[in-house]
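Going by the order they are written in, the chains are A, B, C, D, E and F; count residues from 1 in each one.
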Amino acid sequence: MTQNSKKLTAIVNSKAPYSNTAGKDSLDIALIFGSFEQPISLFFQGDGVWQLLQGQDGSNISVKDYLKTFAAFEFYDIENIYVCQDSLTERNLTHYFHIDDVAVLENKEFAEKLAIHQTILRF
Amino acid sequence: MTQNSKKLTAIVNSKAPYSNTAGKDSLDIALIFGSFEQPISLFFQGDGVWQLLQGQDGSNISVKDYLKTFAAFEFYDIENIYVCQDSLTERNLTHYFHIDDVAVLENKEFAEKLAIHQTILRF
Amino acid sequence: MKKLAVVVTTPPYSNLSVTALDYIETALNAGIELVGVFFYQDGVIHANQQVEIASDEFQCINHWQTLHEKYLLPLHLCITAAEKRGLSDEQSQNIHSIFTVSGLGELVELANKADRVVQF
Amino acid sequence: MKKLAVVVTTPPYSNLSVTALDYIETALNAGIELVGVFFYQDGVIHANQQVEIASDEFQCINHWQTLHEKYLLPLHLCITAAEKRGLSDEQSQNIHSIFTVSGLGELVELANKADRVVQF
Amino acid sequence: MPTLHIVRQNAFTSDDFKQCLQVTRINDIIVFIDDGCYNLSHTLIKTIDSKANISLNIIGKHAQARGIAIDEILYNTINMNDLVQLTLKTSRVITWQ
Amino acid sequence: MPTLHIVRQNAFTSDDFKQCLQVTRINDIIVFIDDGCYNLSHTLIKTIDSKANISLNIIGKHAQARGIAIDEILYNTINMNDLVQLTLKTSRVITWQ
């Protein structure tokens, strides 16, 4: 890669997983950054938090379940995964996710974490 | 046309005018029903009420201003035009529209008017 | 016996289209008459022959084809919406043969023929 | 001098794309370097040669062409997103020649080259 | 003459379900499909007047795909064939998407 | 190290502006563009802490196209060149759409 290889990129996931391609499009970007050994952090806010919910099964609606690929984050060294506590609370969701090592943050911390990144994409 | 020519169709407009094609797509349908002399009623609810706001000018953003075509409703015998009062109030909007003969209705009346139609499309 | 018409506005790469197909297949399997499907807005992308969806994902076009052949289901494409999205029946001829090139007048026709119009 | 990259995700028939073009044209006219535009999601439809927008409406493609010729602006197309929407560089060759067929790796490259990535 | 309301969007993200409730009448039927299933977690659903006799239904597999638990006391779990039949039994249908 | 928030959606229809405000920090800059201009009529805008020194800006022609009046005391009317310059002057940019 070119210069500035320490540049930090974040993706904010804001959509529920199935009805549109946003979550999958975001995942594809995250994995590419990972495979190029470029640092990438993932944020889940708003309806994006549904992507992390335990007990989902896309096979019920003939969807190829891209959420299962989240298990590969570790392999790609994608370790910074943050969830907005307010978004969970608003949806009456617990902290049981289908992947491990997810950091649940209050708004202020969530905002501070986001602000250490130079590039932010949102899907 | 075929049988049941007295069938009543309604279109509910729910999107603001410029950022997507919904308003224009809805208008195209309304005018086709009008030109086939089929009864069509138009409802404006939620962000759809922005389509009726006086003083808009799409030329500022290089958009062909389809809202001006609303003036042709009379020519097409499109006379049933209903607006949701709640949606106006929520947006702090008055009753000044860029077309005449728009009926502003409370939720209950709005719902009753909608329910006289056999076919309802929403954009 | 009541008749249905369906309007599809969602593209083939959205799971919303799987729901639309599920509804239509269920209705036809139950013996209900569908006077036709009208493709509008991003729904017209279903008719683009050149669309390639990854082979391990749901292939809407195979389902449309089966329904068209098994039930002679009319599939009407709004050509104005289609042209905005790169489909053409003149130059490039990339419209799948199971679709009928139509205008919005066809939607008026379908709405008149059907007892219920369902939008997806 | 800081460098920009832009990601475009909105289609040519949306006024949101007019805003993206306005931003890019303004930046280039101000002498700011744009390392490239990356077309993703529905943004890839800009590259479809067969798209026909009514002649009295805004023609995004003319603006992309002018920017590409005047400023040598690189226009990168995500081919995976494009194939889902009926674009192809193999069979039908309906991709406008001013666009470069790319993968998501190019987005990583652009993000590294640019000081700011702006999404539209 | 009930109306069938097919709710496809959720009120956390969009205004559609709120608009649906603005025009819902006594004896109407609501079916949550696709992302509309998420509305079971939204406070808006509690604003539905229990005296209005609104029937609340949800497509089972759409909820299951999303990991959403259904309270069988409040909601009828239905399948796609039920939805087709409801389309014919009611007087009109409106899709909130 | 302020962040530039480009707000393209309006809070009547979508959750984006609300999410923007969840992560806005002191001295950040908000620019309303496209349908984001409608937020000037939304109550959410009044929840912005006046002590946080958030700069509120709006693209003039985007507001004019939509018939939206701008209170010059509360909002700076800017043009596209100003937005480009803000992109470079701030430390990062996030588009809420």
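A few notes on this one:
Throughout what follows, contacts are C-beta pairs under 8 Å (C-beta built on N, C-alpha and C of every residue); 3 or more make two chains touch, one makes a residue touch a chain.
All of these numbers come straight from a predicted model, not from anything done at the bench.
By the document's definition of touch, common neighbours of subunit A and subunit C comprise D, E. Steps from subunit D to subunit E, minimised over paths through touching chains, total 2.
Ranking all chains by how far their C-alpha centres lie from the centre of subunit E, first place goes to D.
Look at the contact of subunit C with subunit D and you find the same residues on each copy: over half of the numbers used there are shared.
Relative to subunit F, the most remote chain by averaged C-alpha coordinates is C. Chain centres here are Cα averages; for subunit D and subunit F they lie 25 Å apart. Centre-to-centre separation between subunit B and subunit D, using Cα means, comes to 34 Å.
Averaged C-alpha coordinates give centres for subunit C and subunit D that are 29 Å from one another.
Multi-chain contact residues of subunit F, defined as those touching 2 or more other chains: 8, 12-13, 15, 34, 62, 92-95, 97. Shared interface positions of subunit A, i.e. residues touching 2 or more other chains, are given as 18-19, 21, 46-47, 61, 63, 118-120, 122.
The multi-chain contact residues of subunit C, meaning those touching 2 or more other chains, are 13, 15-16, 19, 84, 115-117, 119. Shown are all chain pairs that touch, namely A-C, A-D, A-E, A-F, B-C, B-D, B-E, B-F, C-D, C-E, D-F, E-F.
Contact residues on subunit B toward subunit F in their complex (touch as defined above): 15-19, 46-47, 50, 53-61, 63, 90-93.
Every residue of subunit B that touches subunit D in the complex is listed here, in rising order: 18-21, 61-64.
Listed in rising order, the residues of subunit E touching subunit A in the complex are 8, 10, 12-13, 34-35, 38, 41, 61-62, 64-67. Those residues of subunit B that touch subunit E in the shared complex are 12, 14, 45-47, 84, 86-87, 107, 110-112, 114-115, 117-120, 122. If you check the complex, the residues on subunit D that touch subunit A are 7, 40-41, 80-81, 84, 103-105, 107-109, 111-117, 119.
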